[in-house]
Amino acid sequence: MLAHLASPRTGGLLALAAVIALLPLVLRNSYFYDVAVLVGLNAIVCIGLNLLIGYAGQISLGHAGFFGLGAYGSAILASRYGWPPLAALLATTFAVALLAFIVGRPILRLRGHYLAMATLGLGVIIFMVISTEDKFTGGPDGISVVPFRIGGFVLQGERIWYWVVGALLLVAVWLALNLIESPTGRALRALHSSEVGAEVVGINAAEHKLMVFVISAVFASVAGSLGAHYSGFVTPAKVAFLHSIELVTMVVFGGLASTFGAVVGAAVLTTLPQLLATFEDYEMMVFGAVMIGTMIFLPRGVVPSLARLFRSHRSADADNKANKA
Amino acid sequence: MKSTLAKNSFKRGFAAAAAAFALISGPALAQEPIKIGAFLSVTGPASFLGDPEQKTLELYVDKINAAGGVLGRKLKLVSYDSAGDAEKARTFAKRLIDQDKVDVIVGGSTTGETMAVIPLVEAAQIPFISLAGAVVITEPVKKWVFKTPQSDRMACEKIFVDMQSRKLSKIALISGNGAFDKSMRAQCMDVAKNYGIQIVADETYGAGDTDMTAQLTKIKNTAGVQAVLNAGFGAGPAIVTKNYRQVGITLPFYQSHGVASKEYIKLSGGAAEGVRLPAGALLVADGLPANDPQRAVLVAYKHEYESHYKSDVATFGGHAWDGLMLAVDAIKKAGGTDKAKVRDAIEATHGFVGIDGVFNMSPTDHMGLNLSAFRMLEIKGGDWTLVK
Amino acid sequence: MSLLRVEGLGKKFGGVNAVEDLSFEIPPGEVYSIIGPNGAGKTSLLNLLTGVYKPSSGRIMLQEHDLTGHPPYAYARQGIARTFQNLQVFFNMSALENVMVGRYMHERCGLMSALLRLPRQARADRACREEAAELMRYVGLQAYLSSAADAMPYGALKRLEIARALATRPKLMLLDEPAAGLNPTEALELDDLIGRLTERGVTVVLVEHNMRLVMGVSDHILVLDYGRKLAEGPAQEVRNNPKVIEAYLGSAVSSETSYREEIAQVVAVAVEMHR
Amino acid sequence: MSPQFVQYLLTGLTVGAIYALVALGFSIIFNASHVINFAQGEFVMIGGMATVSLVAVGLPYLLAIPLAIATAALVGLALEKFAVEPARDASVVTLIIITIGASMFLRGLAMLVWDKNLHALKPITGDKPIAIAGATILPQSVWVLGVTLAIVVALSWFFGRTLLGKAMLATSHNRLAAQLVGINVRMVLFLSFGLSAALGAIAGILIAPITTTSYDVGVMLGLKGFAAAILGGLGSGIGAVIGGLVLGIVETMSAGYLSSAYKDAIAFVIILVVLFFLPSGLFGKRGGERV
């Protein structure tokens, strides 16, 4: 039983739940809650993106596109056409999944940098459409979004959102961990390492890549929709290439093929600009230096590199003890 | 910049020491500073707005403090760089309200940032003076939201009035795909018919584009065009201006108030000669007649800014001057920092002579400027001149 | 009734024929070896037989199924499994998980049950884990049950690929130079393993340079030269075929195999050092 | 050919030539290291901004330009030494993140060292438009096209005729083999960053008189250069040049004949379509993995 608790699955989930439950003790005011909510939303996107990049070994430099489509889909349907937000969210998510499914098939035939280019291009196209079609999207100035309401209950205020996003983050982590531990997840990891090796044991690599692409798009879209309702406003900046890069950076920073890494990456890189806020002229330089430094000294990302360090430390300890005995 | 940083942290240390001292020596020195919050696009694509705005705020907060502060209290500027990102702006606004507990917010260099923040300031009930241009900010009127710059609709109107007087009725529009450009383009299309103006060509270029001859060639080959209007800021209009001469268009050429800084003339080289644009009077401050109500204010600001920063003054910094001074004026009138009273005082502003014009706020007008705030300028001999 | 039938198979790269007009049949339950000098097209043939390459001409039939032109996973689903000369181990996973991946086809699970980890899914996963462990013991990898794949020695990795292939429950198993890079003891153990595979009812296709191994275990042998069939028949017959002896076994083989073995040893050492 | 078409073509070629120079930089580094250097655009920026600041302190072009190119090359070498070299064995994505980090660092640094303003350079030979078949072209555009052509010729001589060039080429084909025949692969890698930084700087200097320059001018040009390199096929020199020119022409033709608002989107759609049929770009290396 104890061993079960210590497994990364159960133990990690419990630890994350504990962090979410205890964090309000140090969140002094609604500004802190606000940053925490943003961390949660980014973490959800990163968990999905990590399935694609970290586990399946594909890359996407266009995920802000899916995030943005989620945000704008909800914004337009709920605010402009008065749909109930939940219906708008579901319809948007479905549409984004469908889009990912349709474009994913040709795009995912590409490899490496070509795939990077294609996804980047996809993101740019989505961005251009959103910032040009101002009749629907409000153009570069953005669009206001009504608060999220289910039935008579209105989700408003950072504190309520904190718990909602916290719960959703737990669910997202749980889903991702489940998927990775399933035959499908093993298939994804297998094709990351050797596509031909995976194919000859009966895995349809193209189908799996497409599936995980769609899943990651859905994670991004849902987080986008929620984020739009939470902030009450969306601008094309959330769809831009730089936001895609930001997301990939969070994933890599936290650690590829580590679901908790994605959460840590999102947490660090979302709060860092807040810490650097008073040094606006140095912010970009420091941010860049942090990225380079982390990648050089912790090339696997923060969580896996530290876990490895911790493990080797522990096994060295164990060796020492064994030697003494 | 480094010096300000050092200064800031020095000031912070000083403030802390002062606060500690105040605890010992009693209420006489316990005057809390008045906190002015700001979020500006100091970096990023709109830094041409945010940078002079930030510099202006820093300069004048120091100046006011040196002169004894407001109501015997020092001003304290808390400023963040929102880099043109609405999401960042929203979070920083939250930080200003909840964490820094500022008394009034001045800022939002761009419309997107401003609009993202409005729900927050309305909910927190804190006076907010935006430095962005679009009409949507103050139309419809929001209780706690004001703005200082002339709106883009006024820019269009000013241009169209000038076109009317020159009997130009068919025009081509070329604009960037940024927020400022698109908003102005939409406003111009909206009000064009009121002035009998017909827009016969409508071209766009992207941020970072290096050449607009394709769009201008298209305009050149559009039948009946009598004038061209370019809405945009930054490198775009400079490239458009150069390409305009390159493809050999000789029609009257108008720019927007987005290029109202010396930089534009420099960047375009000789190509900017003869270009007209609407702008605040700041650019021609020294050339204004002595009886112009704004002259004294403009000349003082211009010289203060230019001697302190050793760079040309831009109208955008003026927005921040107006924002800060309107707030200070209102705090004085309200006799303190009670938010509701300050708000009411801002709304009651009348005959306030600012950089962007003479402000007359009212419950139905939270900008308080009319078309006279814009002057029609023409570039002659590499400098601004007042038309007529 | 043959298990696998190949008719007029050909594969061109650019203008070069890697495999040309090849026809043969593999009877069920046998060890069928494919030999030939380097560049004879042996690995190309294996790639064709597993769908990794699409043939330029000819047909590949497994029992009554025509698999020509299908993707590799379709071959796997019809019961063809393989190992690789250049290891295709999943180094980002544990050894056990590598074998579990081999069970993939028999773990049909819906996306929803995977995401929600329904009890059924958890049970199936345990069963899969147990069976994979069983297979690892079967190929002699009991010492590596809790190892990460990237922490295993070269010889063990070769057997890991065999275990993974076995996990697909194949009718036909293609081994691409399983003895390359192994030390003599390990190579000897391989004889035994191949023997046990056929006992399990798996038909084995063996591509190998180690003639001792080939002659020891094969029922039929196909000799390739420049992508064409040089000879084919029962092992005994091929061994005594004067054409084969002359063209291949006679002069080239001894020097060639030893050369190859040397290379393989170097590679194995290099792989070890690389870790 | 209508004058309009000629105008679009000339414009497209000028814009495309710049993309081609940036794309060449991508290709050279990719060949040597299989790294996509997302800081390539920053070299363009450094070239332009360094020239501006050197001219501002009174240096003549003849001195300022070589100095600016050298500055960029030094930055390129430093980037390799301090950011890429220490992460040699890291995964592709990790290296991408490192170069993205480097680009942010350099942009931030440029903002501090120089400023946030836009700057223009004086055209090398005036700005009186030249008329060609009813269309016009700026003298500076002629410079862009001419210098690009000269660089392409020089590079093909360098890679085809010089020992160092051949060594770099050999390294790109087979790193291990190159090492075995005694090529100092690490040196090749090091130099490739210097060379491609210099190319980027030249591009930045050439366009500064046309488009103005600023600390963040590299973002968009880097992106377009990457797109051009991919379109042409990564690692192919001729691919980079053709990719750049095609991209430039497609953009201007789209702006001229279709929609100026969607010209970038159209360009990206065309890249996607090309990749769909040619997954390694127009001139990229074909062939899958060996099993």
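In this document, chain identifiers A, B, C and D correspond to the written order of the chains, with residue numbering beginning at 1 in each.
The definition used in the following text is that contacts are C-beta pairs under 8 Å (C-beta built on N, C-alpha and C of every residue); 3 or more make two chains touch, one makes a residue touch a chain.
Everything numeric in this text was worked out from a predicted model, so none of it was measured.
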Inset, instruction - Touching both subunit C and subunit D: give me those chains, sorted by label. - result: A
Inset, instruction - Determine the set of chains touching subunit A that also touch subunit B. - result: D
Inset, instruction - Would you kindly say which chain has the C-alpha centre located farthest from the C-alpha centre of subunit D? - result: C
Inset, instruction - Indicate, using Cα centroids, the chain positioned nearest the centre of all protein chains shown. - result: A
Legend entry - Separation of mean Cα positions, subunit D and subunit B [Å, integer]: 36
Legend entry - subunit B and subunit C: spacing of chain centres that average the CA atoms, whole Å: 73
Inset, instruction - Averaged over CA atoms, how far is the centre of subunit A from the centre of subunit D? Could you give it in whole Å? - result: 32
Legend entry - Whole-Å gap separating subunit A and subunit C, where each centre is the average of the chain's CA atoms: 40
Inset, instruction - Going through subunit A residue by residue, note those that touch at least 2 other chains and give them in order. - result: 132, 196, 281, 283-284
Legend entry - Multi-chain contact sites of subunit B, meaning residues that touch two or more partners: 1, 43, 177, 204
Legend entry - subunit C: positions in contact with at least two other chains: 52, 84, 88
Legend entry - Residues of subunit D touching subunit A in the complex: 30, 36, 83, 86-87, 89-98, 100-109, 111-112, 223, 226-227, 230, 234, 261-262, 264-265, 268-269, 271-272, 275-276, 279-281, 284, 289, 291
Legend entry - Residue numbers on subunit D that touch subunit B, as the complex places them: 4, 7-8, 10-12, 14-15, 18, 111-112, 116-120, 122, 127, 129, 135-138, 207, 210-212, 214, 216-217, 219-221, 252-253, 255-256, 259-261, 263-264
Inset, instruction - In the complex, go through subunit B and note every residue touching subunit A. - result: 1, 5, 8, 42-43, 80-81, 84-88, 90-92, 94-95, 97-99, 111-112, 115-116, 119, 134, 136, 177-179, 182-183, 186, 204
Legend entry - Contacting residues of subunit A [partner subunit C, same complex]: 175, 178-179, 181-187, 189-190, 192-194, 196-205, 211, 257
Legend entry - subunit B residues within the subunit D interface of the complex: 1, 43-45, 47-48, 51, 177, 203-211, 213-215, 217-218, 221, 234-235, 238-239, 242, 245-248, 263, 266-271
